[in-house]
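Worksheet for the structure shown next.
In this document, chain identifiers A, B, C and D correspond to the written order of the chains, with residue numbering beginning at 1 in each.
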Amino acid sequence: MRQPGTKVLAGVAVTLALAGTVNAQETDVTIVLASEPVSLDPCMTAANDNGRVALGNIFNGLTARNPETGALEPALASSWTQLDGNKWEFDLRDGVTFHDGSPLDAEAVKYSIERTLNENLTCETRTKFFAGGEYAVEAADADTIVITTDATDPILPLKMANVMIHPTSVPFDELQRTAPGTGPYVLDDWAAGQRVLLTRYDGYWGETPEVATGKFIWRSESSVRAAMVTQGEADLAPSIAVQDVTEEYGVAYPNAESTRLNLDMLTPPLDDRRIREAIALAIDRDAMLGTVMSSGAEKATQLYHPTTIGWSDEVTMWEYDPERARALLDEAKADGVPIDAPIQFIGRIGHFPGAKDFHEVIAIMLSDVGLNVELEWVEAAVKNRLQVKPFEEGRRAQIFVDQHDNTSGDPVFTLPSRYGSEGAQSKVADPELDQLLKEAAGATGEARVDAWKAAAAKIEEILPDTMLFHMVGYAAIGDGIEYTPTMFTNSSVQLADISLK
Amino acid sequence: MTPEHLRPDSDVVLRVQDLQKHFPLRRAGRHGPGLSIKAVDGVTFDVRRGETIGVVGESGCGKSTLGRAVMRLVEPTGGRIELMGKDITALSRREMRPMRRHVQMVFQDPLSSLNPRMTARQIVEEPLHIFRWGDRASIEKRSAMLFDHVGLPRASLSKHAHEFSGGQRQRIAIARALALNPSVVVCDEAVSALDVSIQAQVLNLLQDLQKELNLAYIFITHDLSVVEYISHRIAVMYLGRIVELADTRALFDQPMHPYTQALMSSAPSRDPRVLGAEREVLAGEVPSPISPPSGCRFRTRCTKAHDRCAVTSPAFRSVGSGHMAACHLNEAGDAPIPDEVV
Amino acid sequence: MLAEFLFRRVFYSCIALLGLVVAVFLLARLTGDPSVLYLPDTATAVMREQFREAHGYNDPIVVQLGRYVWNALHLDFGMSLRQNVPAMDAVLQAFPWTLRLAGVTVLLAMIVAMTIGPLAAYRPGSIFDRIASVLSLAAASTPDFWLAILGILVFAVHLGVLPTSGTGGFAYWILPIGVLMFKITGTTTQVVRGSMISSLASPYVKAARAKGMPENRIIFLHALRNSVISAVTVAGDQTRGLINGAVIVESVFGWPGVGKLMIDAITQRDFAVVQAAVLVTAACIFLLNIILDLIYAALDPRIDLH
Amino acid sequence: MTDKTPDTTASAPASNPRRRYALLTMLAGDRFASAAACFLLLLLFFAIFGPALIGGAEVRMNLGMRNAPPFSGENGLPYLLGADSLGRPILPRLMVAARTTLGISIGVVFLAMCVGSALGIVAGYYGGRLGGAIMRGADLVMSFPSLLLAVIVLYVLEPFVFNVVIVLAITRIPVFIRVARAEVLEVKQRLFVEAARSIGAGDWRILRLHITPVVLPTLFTVASLDLANVMLAESSLSFLGIGVQPPGVTWGLMVADGRNFLTTAWWLSFWPGLAILLTALSANLLSNWMRIAMDPKLRWRLEPEATRSSAILRRLFPARSQAR
């Protein structure tokens, strides 16, 4: 106190010395994300920003998917059975307590599901997974819950993996900053703009994870995130750009994202199938791999991963053939298709790492075969508005890059909204396809697989879009931990999956 | 050189009556009465054609403000200014502009009163352009003539102010003031910034021009020897008021106001006879013009002050032929004040 | 006199603030319906309608504005759509971070500029002047995001002497402040140098020299005092910019300031947060303007506070 | 007393000097200023003729040349400065970007200076309610977050170059208002303004002939500094993804995109950054020189060197010097 100057200097020295070694305790892990979660409310976890921190860490659903196999596994429900076409019964696990000490019971589950489906809350989970359909939930007894749907819903258990369970003390009509869950970690502290701190929950029902506390921080620049891992300031950076990967710290992983060129097949000249085929032939996917795209990405024929049920291996993989593309265009031109009409190629600012180059390359390739493509960039809000119904009247033909992640393992979250005549962003109105989609959504087992395959074949026949890639992500992983990123890493970073060296 | 005879009234080119200029400091309101600096506080005099009236006083006595108020460069707070028989006190800026050709001004610092980005020709021609003197050729002719008049070589017309010497700059300023054939020229410390030898040249020029053009000067200065040299009549100012006004000879021979006497004795004299003689020195600071002393304003520094001076303000009255002063000491010789003079 | 000046300025500032809030309110709504951003693309039209209804976006804009102003007068600035916290709380939490960063940066930049500027101006055209000019101009023309990333790569990654980013002790302040200072120091140095050169060429400095006043007295008493006015003007402008958000530096370094908050709120159409942020930063800027005018008046007696 | 200038009446120059020629010789005398002028002229040349000369090389993609390093020789002149992340040559891209970059920055600065100076001069000269209103308006614009403004305008009006110019100009106007006002407040106190009024000059004349010419050099200096500012602001917009977007190209955009490759391919953002710096530097050097050249009081500083270089010029342009 007598020498404040010395004290300050000493403090500076200490801070400088500590700067490189933030993780003093070995059981602490720091994870650097691209953006801060906006809400840790249990019904908002379907948004990736929130899910990465909350899913599987703070909250659990009744079911969960195995990150490696994609199979559905018990979580808070120890088992489930389909009572009849419209009715499912879930048996709850015993001995589970919420972070506030209250026990898990059917009332809490009923309350959580109803709150998630509450129309007065704009729950991300409801809008993403429960669009359309009525769900009646009842507690058969303290440990059993029965859900009745208005139409057959064969994948209800899968949907339940996304509904986070919380106690009845959470207000029904009001979104919360966060709530008690059943997960292995409790939200300890959330300093807005700075960090979210999770600490281990001693009453966790599963295996006790190695990591005692997890600190989530965020930096917008990929190069900074990567640098933080190499400098030991962070242990894990789940999503970095390909150019920031170093041999020592970088790991590639399929991130479940798939991309397509979403073509406006309602507006000339894209209303002609030959033009759409020419576009499919004009893209040199092989040249993009290893340059503007990571070489780990895979060329796609469908908008969901091959691990998804009903993925079809009979859909054509379009190969680069500019000559054929030009020929198709000439043919169409001879028939009076206005191939010179300008086509807007609309990119979303900051869509994914490397999106700018990705769009530019495609624009150049399309121009090369003779299409009049104009690249334009818009904000997310604008693109979303343009991509969903009602579509603008009197618009020019539009092309979007659509990136979609279906981690649920079932095409029902992909196809009806994109290709069904009722789909929010669908430009297709084909009664035959509608029928196939409806069948598939209601079917189970082999019938479901076959129905999806038939739908995929029908979609190829119509050729509404050009499929591009199954993308890969990169993670930087520090020396101190062991972690294998999976296709779920983009939507949830589970501290329990991290082991310490 | 003093015109002994009283000229007819029509010869008065400028008449100033009870002129006041107060600079407000605080508006009247909750905090008490308003405060203001009373820079000029009731000044009355007139100027006749072809005459030089010197205004002398210490710095801060309000003589510069008086000059600027006469020019309507500051708005008078009260009183009346008559130029060429026309009341200009309340004219708007726009209405005032045509009157400006009759009254012009020469400032103390020639360098800063001349636009550094204009050539001498542009400076001198500017008033001619403003008053649309004539076409290009006649304006050029006039500016060349003005240059001749003030004794500047025509070759230097295209130079900028900073390229001239101080005396030459003041000649440019004089040429500009004369461009429109004014009747009155206000010279505000016009030679104070110049070397003594240059001062004489400029003063002589001013006198020559006066004879030639029948100009009237209001010559504002703090320098007694200059004012003695050039003026026909002299007004002595103290704290915003004229305390004595007389013909030059009369004032220097027989100063009637203690302030004038003090001023003269404190000034360095070139007269060797005065050297060594006991000099009355002005003691103390000039009181604040915000709250001037009651009664006679000079009483706080006056060696001859008595009780009465603190109570009543002495009237500005005639103490001799055309000689006026405001002092209680002179009241013995009460004489009626002729209207024509005030 | 002073009280009257302050009263008048505060009064006008309040009116301006109200105008600003109304302008932001109306303009922000020109940028479109938040429902397209808040709801995933799978959401149905019914869900979108419910969302709009629940948040009052279906009411006429005037009704929405009236409701906002009425609530704001009761110090209720609305809830953040995303974060489920009162918008004002979010802003007031972030604002001090920005203010501290801005304050330290501008102060240091002023000190450096007021040292280099006059030294360069003293002998215009000298080697020192040329070097100082080029360097300050280079500093003023370097993009800050570039500098920020380069700074991290050099000082944190290669040299390892500073942390890459984040908040914490003294070491965490060095890079963000260093990066922000670059441009401000460069600009201010240029301005101080320019105004110093004019002052040194002015008649009263010449007069002072002629009177034989010592050279350092001329520089410090006359010329420098004049240059301070222009330096303060520039620094004021720069501070305004910083208060309004050192967005880029904040997002690169993960600094939890108001600039980052505001840009996120804008792209997310979180109107309540945008409005609250504008209200707070604008109020602070108006305050700064008043303080600057007082500084001017203190430095230059000729400037009238009317 | 203070009179130090010698009486130079006798050595007065001819009454009608060829002023432009004199300026040129003066410019040639200042090595830095003339280098700056040459650089800017070169840029202007590329901005006007560059796209036509290069003939589309700047958009020719070659993914095999992705991030090719500079000075590698065998790739030919276009690849002298390397290639960008799509394998497009950087040098031609820089030249083509000069047009948009200069167009935007000069447009913004010019627009902001005209509007801002006019308002600032009026505010400083008349003061009162009008001046107060202008200043509060400037405060208002200044306290309006420029990013919000950018997002709104570019959202409502689409991100065309013209709209980027408008957005940036609006945010720069208050700077000119404040500078112009502050200068006018000082200049209007000077004696020659009072002298002008005393000879009957009206407000318009005083503003036009006595105040504006004195204030202008400072405004030019601010404008030249602002040129760099605007280029940076434009690049910041690009960084945030709301400025000029591909396939449009500006230096700012090139820097913003290149930052992703700072560790692996520094040249992507270095060259455009250098272009911004050199342009800003040149504009500043030239404006500093002009400030002196335009001020009759300071012009002599440039003259001794000017006479020296006029000999060179005379050798270069014999016909013109004979005409003189």
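Brief remarks follow.
We adopt the following convention: a contact is a pair of C-beta atoms (placed from the backbone, for glycine too) under 8 Å apart; a residue touches a chain by one contact, two chains touch by 3 or more.
Here's who's who by UniProt: A = Peptide ABC transporter substrate-binding protein; B = ATP-binding cassette domain-containing protein.
From a predicted model like this one, the values you see are computed outputs, not experimental measurements.
In terms of C-beta pairs in contact, the better-connected of the chain pairs C-D and B-D is C-D. Centrality annotation: C (chain centre taken as mean Cα position, compared with the mean over all protein Cα atoms).
As a whole-number value, the distance joining the C-alpha centres of subunit C and subunit D reads 23 Å. Centre-to-centre separation of subunit A and subunit B, using mean CA positions: 88 Å. Centroid to centroid, with C-alpha atoms defining each point, subunit B and subunit D lie 49 Å apart. Subunit B and subunit C have Cα centroids lying 52 Å from one another. In subunit B, the positions touching at least two other chains are 112.
Subunit A has residues 221, 223, 379, 382 in contact with two or more other chains.
In subunit C, 31-32, 149, 153, 203, 267 are the positions where the chain touches two or more neighbouring chains simultaneously. By the touch criterion stated above, subunit B contacts subunit D in their complex at residues 68, 71, 73, 93-94, 97-98, 100-101, 104-105, 107, 109, 112-118, 126-127, 130-131, 152-153, 155-160, 162-168, 173, 176-177, 179-180, 193-195, 198.
The residues of subunit D lying in touch with subunit B in their complex are 1-3, 5-9, 12-13, 15-16, 190-192, 194-203, 205, 209-210, 213-214, 295-297.
Here subunit A touches subunit C in the complex through residues 11-12, 14-16, 18-20, 22, 38-39, 41, 46, 119-120, 122, 124, 126-129, 131-132, 174-177, 191-194, 217-221, 223-224, 227-228, 230-231, 233, 379-382, 384-385, 387-389, 413, 417, 424-425, going by the rule given at the top. Considering their complex, residues 1-2, 4, 32, 127, 132, 136, 139-140, 142-148, 151-152, 155-156, 174-175, 178-179, 182, 185-186, 189, 218, 221, 225, 228-229, 231-232, 235-236, 239-240, 252, 255-256, 259, 262-263, 269, 273, 276-277, 280-281, 284-285, 288, 291, 297-298 of subunit D touch subunit C. Interface of subunit C with subunit D (complex): residues 12-13, 16, 19-20, 23-24, 27-28, 30-32, 130, 133-134, 137-138, 140-146, 149-150, 153, 183, 187, 190-191, 194, 201, 203, 206-207, 210, 229-230, 233, 237, 240, 244-245, 247-248, 262-263, 266-267, 274, 277-278, 281-282, 285-286, 289, 302-303, 306.
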